[in-house]
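Here come two complexes built around chain A, the first alongside chain B, the second alongside chain C.
Presenting the complex of A and B:
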């Protein structure tokens, strides 16, 4: 029984990490309707930004958010304006461009670090809490809380703020949004910036857990795609719930079957869900055309 | 000046240039090094090659080899395809006499075959997989330990160091063997399993992907088995994640032993010295081994510090230094760089353990693997790595800490 409780806890905490990484990816897909292959690299940049702040400014990894979040927002906005906007009539080429960006960012960081693995320490990272035989790392608990907070805040922002309404309007029908005076190009730029900033947030909160390597972004992107497809393309709630589905599937398969098989099991579930419900659990049919769900 | 005279003069000048260039080329003994000098493994590719550079400097200070100055030329390869291109560049453009390397087995594999296609020697100092020598390439030899030697040393450490320290017998000793699931980790783990079972130890095997985002399942499975020793083979990032997760999950077996990595500042920075204290490491001999075990190790450390103004990043450098030194000695003894003659010469070598800085001797088996190149067991002690096994390797005043995970 203690084993089961432990595995459920591990799965939920891992789900929190996946949800955190995936929310920004799904927002970008929902609004701009491109699959951003470079989202994992944005997380990686967030991690290295945190490391730089920790090393040079001597600030705790969590305080690095103050620098990293605006930095990634700005970077995302610039990428959208300089790379993706000129390709707006070529959606397929936009996807290839994000793949090119993935390779570019990974290799630039490889060249700068020469592959040295860096880590940061935080008091939080060394603390774990025992609850009835279940051991929980505080740093993972923080990530879970942040994922929950981000999902709720993003939902509220999209529903109630003026900018959020404009984003939803663009997601639902960009031509109609333009007709009523929404600056669609600006919304695209801001959305991509917000998506990149969310990746930066994930990077900051995950830095105390992982050893930094330039390839770490690609380790996140595969499960993140599983999360958004399972949860529902374009749905913030879907990305949140999808994170837990993927986290729990991996934890159960890894513990009860074999850690080497957990990705095989995850993608078997992924294919099964796609066959039964092609739009994912919380997505709506034709999401690639419709974009972000109204209920998000 | 007549036309004929002018032509003769041009020809004479051209001939003189050719002779000069030829003489200059003949003066240098060019050794091409294939390693990752860019990308994720550049740190270790560089570190190994620093060992070569020190060995070349020392040889040149004594007048070179065969009366020629030793020159180390680098070509970067991060995968097998690039390895072939690197060999072709070194042979075609740089006109190297022999080739050496390598940090990565897959690169060594391709580079040595490309060298054979060009009738050149490939002198391996570091890559680990047993398969490299099992191929039987006629231009290939390895001076450093292979994966089997790492597995054997870890089992020796378990039987002769850990079991007595824990007051156990082999039959009531439980070992969890964890390994990353590529050929590197799997080959070492299988050999460990075989040898430990032979000794009557209870063994459970667990594997993980080195690229996994989460390894809690691997740690929980091991924790559930309650082993006396957790014995793990992996790369830097997965070992760091496993150790951090072990700390998070309060997994503290009586002893922990890491094979291959976990002995550098990268792990110290990630996990912290408190949790690492007492953890054993199976690794290349380091420069802190005793002088009676590795004569000249202190001098190597001094040379490294003088040249690079810091301590070695990883123990691979000294193993590479020794391998390169053996290469130069062998070329001098053979009187040529012709691979058949160099291989024939090194095949006859018979030097006892403790001949070189790493404690290596030199005696090749029929696959051209050095049977007298053995890793050592070290231990994390208050943020430093100290050799603790075999006992001859322990530096004066050194000792082994308790294994207990406090």
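Presenting the complex of A and C:
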């Protein structure tokens, strides 16, 4: 019984991290219909940004958010404007471009750090608390809380603000959005910026948990793809719940089968869901057709 | 502006997609408070003409002006704020948003946004059915309701000129009648100027003041609707008489 509680706790905490990483990816996909392969590298940049603030400014890793969030937002908006917008009529090329960006960022950081692994510590990082007999690290609880906060806040923003409605309008029918007065190009920049900022947030909160390496982005992006497909492409709630499905699947498969098999099991589930319900467990049925419909 | 002042003028516009030219040297004009019908067969270039006016398709040559201002190269998203609204074919509502959200988005341009709550109320009064359906996803509306919602969404920006692309297509005869009545109400009671693109030539010529005939991308006829309605050639080609 204690085992089960432990596995569930591990799964949920891992799920929180995955959810945090995936929300931005899913927002970008839902609105711009680009699979951003470089999303993991945005998380990585957030981590290195946090490390830099921690080392040079001597601030707590969490405080680095003040710099990392706007930094990544700007970076994302610029990437969208300078790299993706010129390719707007060639969606396939946009995907290749994000893959190129992945390689570029990884190698630039590799060259800058010369492969040295960094890590940061904070008071929070060394604290763990017991919940029902299970010891959980405070940093992971913070990530879980942040993922929940982000999902709720983003959901409310998209649902109830005029800007949020405009973002959803662009996702559903961009010509019609133009006709009601939405500047679609600006929404794309803004959305990509928000997606990148959310990756930055994830990076910042994960810095005390993981050892930094230039390749760390790749280890986030694969589960994140599983998360968005399971949860539903383009759905914020789906990315959140999908995170837990992936986290729990990994935890259970790792314990009851074999730790080496956890990713194999995960992606078997991923493919099965894709076949049975292409719109994901929480996606809007038909949303995938709407987004890919021919739009002038 | 005097009552007969020119509101929209399209001069020698050529437009198309990629290598294909759809519209050739098209010219027409709309005066204030008029209902102008643009009729023609499927594929004649009617939708392209509207798309070019609102800037979703770029004119290759020619000039488009609205209330005396050149809008040929003006960005599409600025036109609702200028007072020009298009109701696209099929309505193009945002299917996963509620009726209310669709309407609110109609008032997205900065001048309208502050007045969106009052206008929403106005629309619910003008189209009581939308009031009943306000919390329903727009994708679940019937064809007639969808068309009403699309017209209401366009009205949310308080346009002076509203262009409707095939508003009667796919609707039951009863709904077709209602849509045309609504068009007349908007013009005669609300003082709106209307461009009505239709394949239903008989009905369109009945409600409009003037009309143009589009054929294979060329404007081939133009004049008083009453005269075109009694024209032998038009009756044979477009009205099945």
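Assume the second predicted complex is superposed on the first by the 286 of 296 C-alpha atoms of A that agree within 3 Å, B and C clash if a C-alpha of one lies under 4 Å from a C-alpha of the other, contacts with A are read in each partner's own complex, and residues count from 1 in each chain.
As a convention for this text, a residue touches a chain if its C-beta (ideal position, glycine included) is under 8 Å from a C-beta of that chain, and two chains touch if they have at least 3 such contacts.
The structure presented is a predicted model; accordingly, all values stated were derived computationally and were not measured.
Chemist: If you count the residues of chain A that each partner touches, which comes out higher, chain B or chain C?
Modeler: B
Chemist: For A:30, decide between first (touching chain B), second (touching chain C), both and neither.
Modeler: Neither partner.
Chemist: So, does A:166 touch the first partner chain B, the second partner chain C, both, or neither?
Modeler: The second partner, chain C, only.
Chemist: Determine, under the contact definition given at the top, whether A:125 touches first (chain B), second (chain C), both, or neither.
Modeler: First partner only.
Chemist: What is the contact status of A:251 with respect to chain B (first) and chain C (second): first, second, both, or neither?
Modeler: first
Chemist: Have a look at where A:180 lands relative to chain B and chain C in the superposition and call it first, second, both or neither.
Modeler: So A:180 only meets chain C here.
Chemist: Name the contact category of A:215: first (chain B only), second (chain C only), both, or neither.
Modeler: First partner only, chain B.
Chemist: Need the overlap of the two footprints on chain A, from chain B and from chain C, as residue ranges.
Modeler: Chain A residues touching both partners: none found.
Chemist: Quick check on the complex: what are the chain A residues that touch chain C?
Modeler: 162, 165-166, 168-169, 172-173, 175-184, 284, 286-287, 290, 296
Chemist: Please give the residue numbers of chain C that touch chain A in the complex, ascending.
Modeler: 17, 51, 54, 56-57, 75-81, 85-86, 88, 92-97, 101, 104-106, 108-109, 112-113, 139, 153, 157
Chemist: In the complex, go through chain B and note every residue touching chain A.
Modeler: 36, 38-44, 46, 181, 206-209, 211-218, 220-221, 224, 236-237, 240-241, 244-245, 247-250, 266, 269-270, 272
Chemist: Under the touch definition given earlier, write down the residues of chain A that touch chain B in their complex.
Modeler: Residues 3, 6-7, 10, 14, 17, 107, 110-111, 114-119, 121, 125-126, 128, 130, 135-137, 140, 209-211, 213-216, 219-220, 223, 250-251, 254-255, 258-260, 262-263.
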